[in-house]
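Below are structures written as structure tokens.
Okay, so chain A shows up in both of these, paired with chain B first and chain C after.
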Partner chain A sequence: MFLLIYSTLFALTVVFALGVLVFRNTVKSAISLVFTMLCIAANYLLMRQEFVAFIQVIVYAGAIMVVFLFVIMLLNLREPESPAWYLRGMRYWGGALAFLFFFVLAWGIQVFSVADLTPGAAALEELRRESGQAEVTQLATLMVTRYIVPFLLTSVLLLVAVIGAIVMARRKDEDGRDITFDEDEEGA
Partner chain B sequence: MDSSLPVQAYVPEIHPTGLIPFLLLLLGGIACLVVDAATGKEGSRRYLPWIAGGTLLASITCFFLRLVPGEVFLEDTFRADAFGQLASIIILASTFVMTTMGPSLVRRRNLPSGEFYTLILFASLGMTLLAISNELLTAFISLEVFALSLYVLVGIDRRSRKAAEACFKYFVLGAFASAFLVFGIAFLYGAAHTTFLTEMAEVFRQGYVESVGPEGAVTEIPVNTMYVFVGFAFMFVGICFKLSLAPFHMWAPDVYQGGNMPAVMVVATASKVAAFAFLVHLVEALSYWQGFASGAVYIVTAVAVVSMLWGNLAALVQTNFRRMMAFSSVAHSGYMTVGILVLVALPGLMSGAELEAGQLLIRQAVILYMAGYTVMNILAFGVAYYIGGGGHMAAYRGLVYRRPLPAAGMAIAMFSLVGIGFTPPTIGFMGKFYIFKEAVQVGFVGIAVIALLASVISAFYYLNLVVTMFMRAETKPAEAPLAGTPEAPVQVGGELLARVVLVTACVLIFVFGIFPQLFIGLGETLVNGAVR
Partner chain C sequence: MQPLFDFLGQFTGGAGNAFVITAAILKIALFLGGVLTAVPFIIVFERKILSWIQDRPGPNRVGPFGLLQGFMDGLKLFLKEEIMPKGVDKTLFLLAPTLVVIPAFLALCIVPFGPIIQGEHLDALGSFLGLDPAMVGSGGEISQVALAVTNPNIGILYLLAITSVGVYGITLAGWSSNNKWSLLGGIRASAQMISYEITLSLAVIGVVLLAGSLNLYDIIEGQRGGFWHWNVVAQPVAILLFIVAMFAETNRLPFDLAEAESELTGGFHTEYSSMRFALFFMSEYVSMIVISAACATLFLGGFFGPIPLPWETLMEQFGLVAILAFYIVGPLVILPAKVSFFLFLFIFARGALPRLRYDQLMTLGWKYMLPIGIINLVVTACGVAIDMAITRDGEVAWVTKVSIGAVTLVLFLGWELLIFSRRRRSQLSREYRNLYRKESSSDPALAS
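For the complex of A and B:
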């Protein structure tokens, strides 16, 4: 039964991933990507990594895909134009590279025997066994105890990102004039 | 509440005073935002330089008041040894110089002053935290805090095409490098089962990780050499980008040329000091893994040699002052990496108290070099900024006759940057002397020779600038105005402060050049008398 669920999920993941490549309509591709992300999240759940699964849904299927769709809608993409001559062979090079990457990954998993690669997973499993608490609780506890500094620093990082985005994206300066390029040769 | 939650039993071990300089920077940044919102354009232009500069000076003062404990604090998250504290002071001094340049830049290019000063303070916060961080996640997030601030500061002049290009290149390549850094961190965590550098050093020293299995059975998991190497290699690539070490320096010339001069100065000095301080702490922890040196020596040597040679040779053919300084900074990072090389090899050669003494010596050599590099670059970029010289070499032609004092400052900076052979009493010479001496003592004679040769090459282009300053201008300066390089000096605000800062830099080059022990002793004094 378990094996059946597993294999169905894997098959679905691959099918949706292929869908991203095969659809010529970018919106369909993007929706296909959403389903790929969701399938991967389900895979994480089956591996008992609840936290990663939820993050996968919230961040990838949620936030990142919204940005993807936003860009697609904004740019109003249509049928792709025929590419420049030096880009025509790209799809075959890309395919070859993808295959190469697949073998590198397979080799990597072989070499780096997975059993001892996952200290985090082992530690979490251990904590779960001892305390009977879910993984998320354990992570949250660590986050507000030993890892409080990076957790708090993240807020500064987000503040900087917001300020930076405002500076770089605004259209008018403080006097309300449009910002246009000067004809200078270099920065001040 | 559920009493089984460990949160309630958790009493963090904090040295509250140690956080004061960093909290000051954070609060100062937020104060800048609030004051900017409250006072409007003219008000914020008037008050913010004082707030930002005052915050930075207060933060430096905290280090001198010995508020920061001299070793690990806040649950081992930070490790403010003499090296880290001196690095923090250098960083804060560099950003302070940027705030003194701020008023004239903001007025001339009509920049948003609130964001400008806020980002300077947040960048200082990120850089100082990176310099003293003892934990990989903290290090990564601090690095991102200052990197994001600097991307924006480089491109804050939205009216400049070149600045937009520089900002975009810096951002895209920087994000790419960050991915390498995180990947490396994951591997090191896989190898040592901890993200804390001091614990990591302990794990590598004993060679295995103790894992408590079910029913309290302790198993010893041996450290996987492959993970250590892959982790180090990826982290090194990520840090090499920040240090603009060849072959990861491609962004540097464009950023140095396009960004505004004050921001470029900080990118060239403070951000490199921060990344280098972190690299030293990282390599120190990793070098305890037996067999680490056998692989890492090749990676570090390759990067150091390529940076020294490529940086200097490429600088020879530059016709733009800013691009020349970019390649010169690539070469200087290469010299400093020779120090890292010694640090990598040291545990294979000695152990115990001897090893600690050796590591202390090389840390002192590196910090002295970083201090010298920072002072020289502040002087060079500062003079270039205040005479409005920009990047065009033509603007420096005949500078001696027009403005003798700035020209003298620039000449001192150039002589000190050459730093070998005929410039003994400068800090540039002392820094190189100590690092090359350590390299020779450990047995890297070949590397030291290459470094010396590279320094000789560098004399050509540094002294070429000095010669250019002595040439009579072919046409009167007024008749040859260059776009973007107004011949008129920047007169708006901060002129007196600028002179004080630049004269101080000149004095420091000689003081620390003649008495390098003063600077090194300062670090020891800061740490040994620290309030615990």
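For the complex of A and C:
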């Protein structure tokens, strides 16, 4: 029964991921990506990582992809990309490269075991054995103790991105001064 | 009842499994059935209340007081012809209503509509139903039955995740319809729902901090013992933010820019007819019910009544009847009453408030509600941290809750006063500026 659920889910994940590449229509590609994200979240659920699963849905499917879709719809890319810029034989070269990448990836995973690559998961497992705490508590504890520096650096990075977006979106008048949008002008 | 489960257990690998499956199906059927039956009545009440606000009779022909109007409207939609306009993107056009309905119903399944049955109560109810105490009972295989379809540990995150996915249906409906008004509606919906989701989450995080858990039952348990323990006392600003954001998330007036009949002829669902339109319509009401229930659970004590009754003594006196009553009053009286209050609020706001303009919507969301939410969160976090440092018992004391509530409320009112006084001042200064410009202008037409 579980094998059936697992394999169906994995198959669905791969099918939607392929859909992102295969669909010529940009909106359909984006929707496939959304479903891929949801399938990955379901995979996390099967691994009993509820918190990570729903954060995945909120952040990727719920926020990032909506912005993607928003931009796609604003640009209104209705016509499929014309195949004119395609190089001759690109399909075959691309396919070959993809297979090569797949084998390199598989080789890499085999050489370095997954536990080495993800010290966070190992640390989490260690904590779980030591205490019977809830998943969220464990994650939070790890995040503000062992990984406090990367955590704070990430927040600084996000802050920089936000300030950068504001600076770029700022409007200026002819003299180069900032135009501040005054709420009092509404309805005036 | 036990022989029935023994019989079913032959097919499901044990009588316990059979009981769990039967209970789950029963809960889903009763809850889903209840909500779906309520929807047509809510629509009738909406039209009745609107007509009362607008001083006209409203629907009064079908059934007593027009009560069956909603059912007949549903029947009418069933029988209407499906129309698919030329040039639509067929796959997405058909997919969109499903993508709206599924999240709305998925969100229903974490609403806790009654307490968890466990301990002596489960023993008593189990023997009443003739169940084997080794299977269902405090010492048995199944030691607790929650009166919610599911009870995940990260309950509130599930709700936020599902509501954030709900936007795709509306956006895609707008895009695939091949209609400029629909597209505008879809784009508006996606921008609006993303903006207000942030405020919604910020309002929720304060409650999560107070409860110390994401589980909805833990959050309700922290509000046990009368209305002065409800989270609304500790988070008066958060509930205001939540209510405003909840109007925006369900695309209801004054935030129904995605539909906006007067400018977009129906917005994202303009091109939909018959049952597909009915799906949009129904899921709007279902998500209203879900988010109202969520607000009641987070801020108004969920299935707990405002005044705690002496259930312990009642149960000693009346036994099984009192136990049954205890588990029936919550889901059938108290939670529906709270949900009805919020539904009335939804409908009343529709009758009383005009629709916001798009830039006003964005200004309200990003410049007012987001900062207020962040300040509220910081104050709450400080309060909880101080409480934890003093008592170290893992629970937030009532005094702390009240002080957090008082501080956030004072800060909120102060902020509002500041904004109003600044607005008044800048209005005055602009009038003076205009006066000065007019006087100094060399243009005779302006100078006069």
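Note that the second predicted complex is superposed on the first by the 129 of 188 C-alpha atoms of A that agree within 3 Å, B and C clash if a C-alpha of one lies under 4 Å from a C-alpha of the other, contacts with A are read in each partner's own complex, and residues count from 1 in each chain.
Keep in mind that, in the parts below, a contact is a pair of C-beta atoms (placed from the backbone, for glycine too) under 8 Å apart; a residue touches a chain by one contact, two chains touch by 3 or more.
Fair warning: this is a prediction, and the values are worked out from it, not measured in the lab.
In the superposition on chain A, contact is made by A:Ile148 with chain B only, not with chain C. When both complexes are overlaid on chain A, the residue A:Phe70 reaches chain C alone and has no touch with chain B. By the touch criterion defined above, A:Ile163 lies against chain B but remains apart from chain C after alignment on the C-alpha atoms of chain A. When the two structures are aligned on the shared chain, A:Ser7 is found in touch with neither chain B nor chain C.
Comparing chain B with chain C, the partner in contact with more residues of chain A is B.
Of the two partner chains placed by superposition, only chain B is touched by A:Val111; chain C is not. In the three-chain superposition model, chain A touches both chain B and chain C at residues 182-184, 186.
Contacts from chain A toward chain C in the complex involve residues 25, 27-28, 31, 34, 38, 50-51, 54-55, 57-58, 61-63, 66-67, 69-70, 73-74, 76, 134-136, 182-184, 186. Contact residues on chain C toward chain A in their complex (touch as defined above): 89, 91-92, 95, 152-154, 157-158, 160-162, 164-165, 167-168, 171-172, 174-176, 183, 186-187, 190-191, 193-194, 197, 213-214, 357, 359-360, 363, 367, 423, 426-427, 430. Per the touch definition, chain B reaches chain A in the complex via residues 4-7, 10, 12, 26, 33, 41, 74-75, 77-78, 105, 108-110, 112, 115, 118-119, 122, 125-126, 129, 135, 137-138, 140-142, 144-145, 148-149, 151-152, 155-164, 166-167, 189-190, 193, 209, 211-214, 221, 224, 226-227, 257-261, 264, 322, 390-391, 482-485. Of all residues in chain A, those touching chain B in their complex are 111-112, 116-120, 122-123, 126, 129, 131, 133, 137, 141, 144-150, 153-154, 156-157, 159-161, 163-164, 166-168, 170, 173-175, 179-188.
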